[in-house]
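Here come two complexes built around chain A, the first alongside chain B, the second alongside chain C.
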Partner chain A sequence: MSTVVTSVLADELAVLGGFDAGVCMNCGVCTAACPLGLDLLPRRLLRHALLGMAERVQGESEAIFSCLLCRACEANCPAGVHIAEDVRLLRRWLLGKFEEAQ
Partner chain B sequence: MTSRRIGVYICHCGGNISDYVDVPAVVGAVRDEPDVVVVRDAMFTCSDLTQQEIFSDIVEHRLDGLVVASCSPKLHTFTFREMARRAGLNPYEYTQVNIREQCSWAHTDDPQGATRKAISLVRAGIAGTRGTRPLEPTVVETTQRVLVVGGGLTGMRAAIGLADLGLAVVLVEKTATLGGRVGGMGPMFPHGRVGADLVARLRDDIGRRPAVTVLTGAELVAKSGTYGNYHVVVAVGGERRELAVGQVVVATGFADYEPHIGELGYGMPGVLTLPELVSRLDSSHGPLLHDGRRVGSIAYLYCVGSRNEEHSHCSKYCCSATVHTALRITERNPGARQYHVYRDMRTYGRNEEMLTQSRRRGSLYLKFADDDPPEVAREHGRLEVTVRDLLSAGEEIRLPVDLVVLVTGMVARQNRELVDVLKLPVGRDGFFNEIHPKLRPVETVVDGVTICGTCQGPKTSAESVASGLAAVTHVGAMLKRGVAELDPQVASVNPEACNGCAVCVEACPFGAISMVGAPRPAGGGHRVTPAEAGSGEASPGGLVAAVAATGCKGCGACAPVCPTGAIDLAGYTDAQVTAIIDALAMDLPGPEGRTGDVVGPGGARLRVAAEAPAEVVR
Partner chain C sequence: MALPTRDVVGVLSDNMRMRGSVLPVPARRASRWARRLGLPMGGPTVLYTGLMYQIIPYIGSLSRLQARVAASPLARFGGLARLANRASRGYGLALVARPSRQEQAELDRVPGNVVRLLRAAGVDVGYLYEDDLYTGALAYDLGSDEVVASHARRVAAAFARHGVREVITIDPHTTNMLRSVYPKLVEGYDVRVRSYLEVLAEHAGEARAPSAGRAVVHDSCVFARYEGVLDQPRRLLAAAGVEVLEPLQSGRHTWCCGGPAESLYPEKAAAVAGERVAQLSAVARDCVTMCPICLVSLRQACGARLAVRDISEYLLDARRSQAGVGVST
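Then we have the complex of A and B:
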């Protein structure tokens, strides 16, 4: 399976403002620190969002809304990514999509 | 033969030798050799402690000869020569015997044989040492002028440094202008300094130094002479200029790797190399355009032509240069999507900050596996890069982009003529080789030839300048002494014995032997080649060969071809070599029961030749 990367998601996140996962260095400390133990959270989710995989991220809404926003990931992030804020942004983006669809 | 007082030291090398060679047996075997005054073994002969012991022995026993049997002469010849000199023994009265590389390591399966061989080698060393005599280096004045080949950033900076040391400099540049690669560059990482400005500043600095002579459109075509005093010929504007120089500095730079047509889409519209992209940026203002349209997305494919079978090296500047370029494009084309498809990011040192900054400003990094490179295709009139991204769990990602930039590295510049003229040591990768990458980073094995900058391997401009200044230090340290000491182990001709046949003149690879007029005993059936006959040097007595001590490298090519034995090489005289061969041919009791092979001096050399090391008996 291959995914075509477009700039749509990035552009839409830019409009919402503040999505800062670009400095992520993919170390995975965040995922190790996540109390939910979901494989997706938060590193892979952020990667999908960064690469602009809009449909994929929409399919991952359950994980996005399960996040406890506890910031265990953020406290340990060596790149200083505001992960909880980024998850909030993705929630807002998903809600926007949902409203569009209504 | 007058009697000598020789000290012999046999090394264990911490087991490297003594695991296979019975060192006490070797000591016992040579203890009663004539002329040997003291024999010792040591765990490490090269250690300070043992050197001190040898030092004391030289003084106490008034030694006039020294034999050290340990490792290859490549390692410690200068260590022991220096130690001997400090102890008051002429350094050339010392002989190094190799019982490690050529004995213990080579015969790990045969300790008894290795021990017998070690005894033979040490005896041969003693035999050679009996014939040593004190030698003093030839001291010559050096020419206080340096030839710098290559007028790029490195060569220019080196020329200025040399001039500031008080040396005259001739800066030779092949093209019509100074400046090289950097002279054509716009903003360079990490601080955005403009290459053309840097070069303009250096050009001004050179202009203010009358000691620097610049020859553009010029090429070095010949070099001869001796250490510290070379004669070079520079072809410039159809004429040949002859110059006397003391040293040569080579700063001839690199070439960009040129992708093959079809390699990662090279040749398709919109696929270009990093230097091509940079030159487009440097020669334009405002947003970067392609086909008249503003570029909205770029994929950079890293390590093109680097770190593969053809070019195994990392060019180390390209990652930083690409990240710097991406930051420039962020300024010029705000909002452009930039994908960096890389193998490993090597933005080392402070350049790492640029990498973080580029991520912060929207550059996306995708990593591919070494054995799974990205592919470039044109789909529906648009370029598309496909990459299996290791950072997305190996998912195949397709990137539709406006431009594909192939990040090409540095390769060696083809420069056959210069290599031939200077006999430059060229590595397997095509770059010139230094003697030691850490401790002697700009010296070459060629006397008087120093290398610096990217001709010796990929470097950033800052590293190139540092290496150019290292060359300045090395050349300055050598030339500013005013004199050079040349190895005294050179050939000399006994004019009484020379018959003037001039065979040695032909044999000398360094052109150090000439026929000179000299009183020569009548009756020698000598012949003179037409060249010498026309030299006007003939005297009524005929011509004899003479070796210029400053030109001789001590290779020994002349001595064996002399039909009258008139040539001897100091340190390796015929008498010494004969004694060495005789010692090697001496019978040793051994398990093979070769006790019947008693060999007299010179009598049966061929019979034992097969057992003797190739470097002693040819």
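Then we have the complex of A and C:
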């Protein structure tokens, strides 16, 4: 598992659309509001993406694809992060990786 | 155990690419109701169902099928489900995933309900028949943007061909796709989009129907947090004589029905739905939904604890009782 911090993943996500997890304050409100109760989503996951930990993000594809896109997290986020759209962008990125792997 | 995510996502994207729909429903059957109501083809204002109410029972069936496949030795062969789907050009699921007749009939009734309600409010609509296509909401949620963009151009071209300037939608997902997503995907897209609940609320007067009991309202996440449709269903229900009760989490803080996870992770979907059923059933036995995904998900989870019905049925009941057609309250 790579822990090297690189901006490649963040750059790839920026190309796909407005990935805005950079304004996250890491307060944890989103995780508390999430009906799936996944500690991973969205806070830590988005941070992995920002830190360029591509393999970690790929290893979390189940969490990324189980998000309901329900925006319960966003309704409570003090920083106004577009969490659901960020998760959708991670899915787009992962679909690209799936295709590459086939 | 669920099928590998990438296989299920692949099956859905392939169907979208090949058939213009995530799930297989014969086009003529999906528009039968409109023929019966004599809706004219096209025109400046059309009702667009996006086939959501018509295809949603297949999603439930798909997940039941998936549970069967996942429990079988087939699941060990990565990519097999997708290959089989490709080989049968997307029809494979239709052959094995059939909703019950009763399930289908009730959901099929909703577009007709909506036309009756609109007509009673003095709003006449046309319909696109074979060009009333699924909008690609599920594929968009899964991140298949390129597939959805080319499909969206097909839908926009159909609007242009039929002289459509205004679209009235039924469910939240179609409303969101046509109103908030398509403008980002299709250059020059310029169609006014409103849900029938917004249209009816604009036309509603001060009249109140006689009391029709009480019901707890389940807001759709997409209506409440994507499209700002919160107040309209409450006003319409109140005018229909329904005392609207709010669950623990409601309005902008509504709790998801779990449905969006249904086709990939049925167990997670069931857990979220179960929690929501507990919140709703703590308040009332009758429950109002305004999205076919919510309806099917909550029904699957509620057993005898809740009686879940679509909002169009509540609104139509009130009209019938006002007209003396003898619908009990």
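Heads up, the rule we're going with is that the second predicted complex is superposed on the first by the 100 of 102 C-alpha atoms of A that agree within 3 Å, B and C clash if a C-alpha of one lies under 4 Å from a C-alpha of the other, contacts with A are read in each partner's own complex, and residues count from 1 in each chain.
Just so it is clear, a contact is a pair of C-beta atoms (placed from the backbone, for glycine too) under 8 Å apart; a residue touches a chain by one contact, two chains touch by 3 or more.
Keep in mind that what you see is a predicted model, and the values were worked out from it rather than measured.
Novice: Determine, under the contact definition given at the top, whether A:Ala72 touches first (chain B), second (chain C), both, or neither.
Specialist: second
Novice: Mind working out whether A:Arg92 is in touch with chain B, chain C, both or neither, as first, second, both or neither?
Specialist: second
Novice: After lining up the shared chain so the two structures overlap, which partner does A:Ser61 touch, if you call chain B first and chain C second: first, second, both or neither?
Specialist: Second partner only, chain C.
Novice: Looking at the overlay, does A:Gly22 come into contact with chain B only (first), chain C only (second), both, or neither?
Specialist: first
Novice: Check the residue A:His82 against both partner chains and state whether it touches chain B (first), chain C (second), both, or neither.
Specialist: A:His82: touches no partner chain.
Novice: Can you list the residues of chain A that meet both chain B and chain C?
Specialist: Correct list for chain A: none, the interfaces share no residue.
Novice: Quick check on the complex: what are the chain A residues that touch chain B?
Specialist: 1-7, 10, 20, 22-26, 44, 47-48, 50-51, 79
Novice: Touching chain A in the complex: which residues of chain C?
Specialist: Residue list for chain C touching chain A: 5-6, 9-10, 13, 140-145, 221, 225-226, 252-256, 258, 260-261, 264-265, 268, 272, 275.
Novice: So in the complex, the part of chain A that touches chain C is made up of which residues?
Specialist: For chain A paired with chain C, touching residues are 35-36, 61-62, 65-66, 68-72, 74-75, 88-95, 98.
Novice: Over in the complex, which chain B residues touch chain A? Could you list them?
Specialist: It comes out as residues 296-297, 337, 339, 356, 359-364, 366, 386, 389, 391-393, 395-400.
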